[in-house]
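Labels for the chains are A, B, C and D, by order of writing; each one numbers its residues from 1.
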């Protein structure tokens, strides 16, 4: 790891700024801890997980839905999904899809990490229907493993902060957050896991321990409480003393840009 | 798609010839094992080991009214809808792939209610096949609970899927916990593409196996397409590498590049330029684009080699170069 | 197969007679049909299955409880149990124990074939306790896969015909036959499988279609109805027109003796 | 042995260090992971891949009051009883092996009620581990129904096992059929012997895997003994050959001939002469014979090499010659 970090450091170029996607990847990567096992989707989650591996969490174990345990993704060869052979490079173990998803159920996964199309006050995610599910405006691709991951692991979600995405109630609960808040998640048969953090291009969001409603944990540099409120489709409390995150470092950005030189996921 | 009674499941299996015998045949003959109205389970996942040669032969044989199930559905789902092979797909995720965005063909058919996309969680799909493979009517699990995915398949919300077998919650008699029971899938036919198998159907799979082992055990008939038919002697030298056993298999067809333009682990990666071409062709007018694609790549080719030729030699060589690279380290 | 049969034929020696175990192996082997899948225990069942493979059923598939599908056992190298590597020689497939047993449940197995310590009128088998299970005279080794096989496949049992083994009611039902007879097997949750034949050194036994009580299907050469009755611990009907089996042929005996030259199982 | 509540199962797993780290240690250190009173699941089956080196170290460390479970129990069951390691074994079959007849040591301890042999069907054992591996409290199945094996574990007959978790029948909500639900086993510790693994615990198994993969997933701690520790580089070259993943493993001990006198697939067959010697030693006076055997082969040896030396070099070479013969064809 040290060598790879040094190598990334060597290719360090002046960093004029960063894209919103780069910000998401950096901020969410920092939430991962060394020694954890993280179930990662492609795109920002995967970039963030590799970034964490190459910085503060060299012992992070990545899992992919296709059945991949502990891979090392090669710079410039990001997989198009979590189900192709590119995902398996230098993995420790390959298992069936059912087995890797059962690792969530067995409790072997610390963190689930995915993107989101639509989220609501209680952290419920929708990736199935925009509009009425019986007469949808858009039929989206659906859950994949999203429902399983969100049902069984502590969740980090990375997504763009837009009013149309942060809604009072999602059109369809594809992946459960805290459902109707309070104890409703456990009451309906999901005693484990739950939303931990939502990382956006504006800040880092958490959930109140009792009501389970979304709150603001931190603002990104240059973002105001008003910016968050204006881009959220429901009333979201911002504590008076809310901290500000540390801006992405040149080292972090250099690693990301080496990983995704064509900016497939970080444009 | 309610689970079969045990006596019916056993009866169907008893009627099959499960003996060790040569099953090598042609694509044209193999598709005769698929009846209109059958539930067909598709091996592989997303753009990996999709049994495209068999699907291609099903389209050319003008099969219809199939119910199709798969772990995750990519472009072959568009082909199923657009060709009329199927108007009902059971899966957890359906689109060409994340980098190409939401499938416009899927949207066109489902939003107009001319086709159904029945959505289960990915683990639920896996456990439904597993229950079928184990000969029990359900598997207990701990996800889907509380979500609208469950509500929709259970028929509590929305009339669209109400007629179909619901997953059922139960209170665990040991722990008192709430569990979800998902019903077994025992497909009429499974179609699976593998790297190699023998003439009897003993198949070795390299790399990712997805849900294929359970699908083969669950199905009532199995058609294997294979990159290469190898000798039974070679299989018997490493019996612990046999992942699908001959006793489940009804037909074996040797088809090189049988999952093109998708990948086959260790042999070829996806044919990305062709995948882009497909996305372009279906971008503006998805239905007309899909029909034009079917005409050019499914109906016009003289044979499978001609199909590959239309995809292009340079593309094939590039996919093969990238595919074998997984073993370079 | 043809070559192996010829080879066995070449080693054919004058056959002065045969042991009871050889008789059991020959008679039960003849009950197996070409193309069937048979779950076989070691000892007589395995010998009988190989004999069938080498004579009338070359396409017979043998399964072993250890997770072995379609092996070819080498003459003189009979395995000591169904869970060692000797069982796996030239097999088509190896799977876990749970998977091979699940093949029974899925319906992939035509015939289960085992030995028995104690059997009763309705074909229930005991291999767990002699005497009161709560104060047993002998604690036997137990079911192994016997219960699963007998619950889920059509059964052939090969055993010595002795009064103490053929009892009115077994001390303990380890492997279910027809339980209390009639429809009780299906009523208690076992709609599939059931006893087909019991092969002994005296004859071949079956079960009445309605009452499910044991009957005599055939007598071996030189055995009388009275012999059977005298060696059975319950009243067993012998039809007046009961046929006699054909004695083991020299070819059958030669194959058996080549397979088990040390007479481990055929003494 | 009732199933754990889901929150307890998750809590126990959360407390473990599941990261990719070097876990190589000694037999003496590894047995510290086993607490008196633990439920220990034993890998392998009958006379195959029995983790004898670890059991040998447990005896020498004078552990006691273990509950032991295994697919099928052979001579190691006698050792568990006679050494005092365990007085409660859960399995489907218990004796040295068919050719040696009924275990006289097992009979002596169980018939005098000084030890329990809790009998489940073989598939039930497999599905109980599998339920544990899957994180659900039970698996549904279709055998054991109607038998006294079920009645006895369900406590309907005989007081001996009445205190223990029963398997429960249910009416299937989909088909109306009667099914048996067998409760999950989540052993405190699994002890498994493998042909090779890396320092992190990624294990490759050759030949028969028995129930080991499910046992490793179900257990709360896993101790691997291995014939050889190989590099992580070698494991990563064929990740589809990893059968037990590092994340389940807590200790790795390299022990050549670690399942002697039982076999290790592809490396050595059972040490038959020694197995005969054991049978002779326990034939007349089973208890005294077993104690004499323990003294000579468990307590007196200076180390594992000395144990092997007492079994004998010629015997070892012969077992190895026969064992590697499986690959001669």
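Convention: a contact is a pair of C-beta atoms (placed from the backbone, for glycine too) under 8 Å apart; a residue touches a chain by one contact, two chains touch by 3 or more.
As the structure is a computational prediction, the values presented were derived from the model and not from experiment.
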Comparison of A-B and A-D by number of C-beta pairs in contact, larger one: A-B
Where subunit C and subunit D are represented by their mean Cα positions, the distance between them in whole Å: 29
Distance from subunit C to subunit B - Cα centre to Cα centre, in angstrom: 40
Residues of subunit B whose C-beta touches two or more other chains: 6, 135-136, 141-142, 177, 179, 207-209, 236, 240, 329
Residues of subunit A whose C-beta touches two or more other chains: 68, 88, 90, 94-95, 102, 105, 191-192
Chain contact graph, described as a line, ring, star, complete graph or other shape: other
Subunit C-facing residues of subunit B, complex: 6-7, 9-10, 13-14, 17-21, 133-136, 200, 202, 217, 232, 235-236, 239-240, 242, 245-248
Residues of subunit C defined as touching subunit B within the complex: 34-37, 59, 61, 68-70, 88, 90-95, 102-103, 105-108, 110, 191-192
Contact set on subunit D toward subunit C in their complex: 45-48, 71-72, 91-95, 97-99, 102-103, 106-107, 110-111, 117, 119-124, 126-127, 129-130, 141-149, 152, 157-160, 169, 177-180, 207-214, 263, 265-266, 269-270, 323, 326, 329
Subunit B residues within the subunit D interface of the complex: 2-3, 5-6, 135-142, 165, 168, 170, 172-175, 177, 179, 181, 183, 206-209, 236-237, 240, 329
Interfacial residue positions of subunit C with respect to subunit D in the complex: 42-43, 65-68, 80-81, 83-86, 88-90, 94-98, 101-102, 104-105, 128, 133-134, 136, 138-148, 151-152, 172-176, 179, 184-185, 188-192, 264
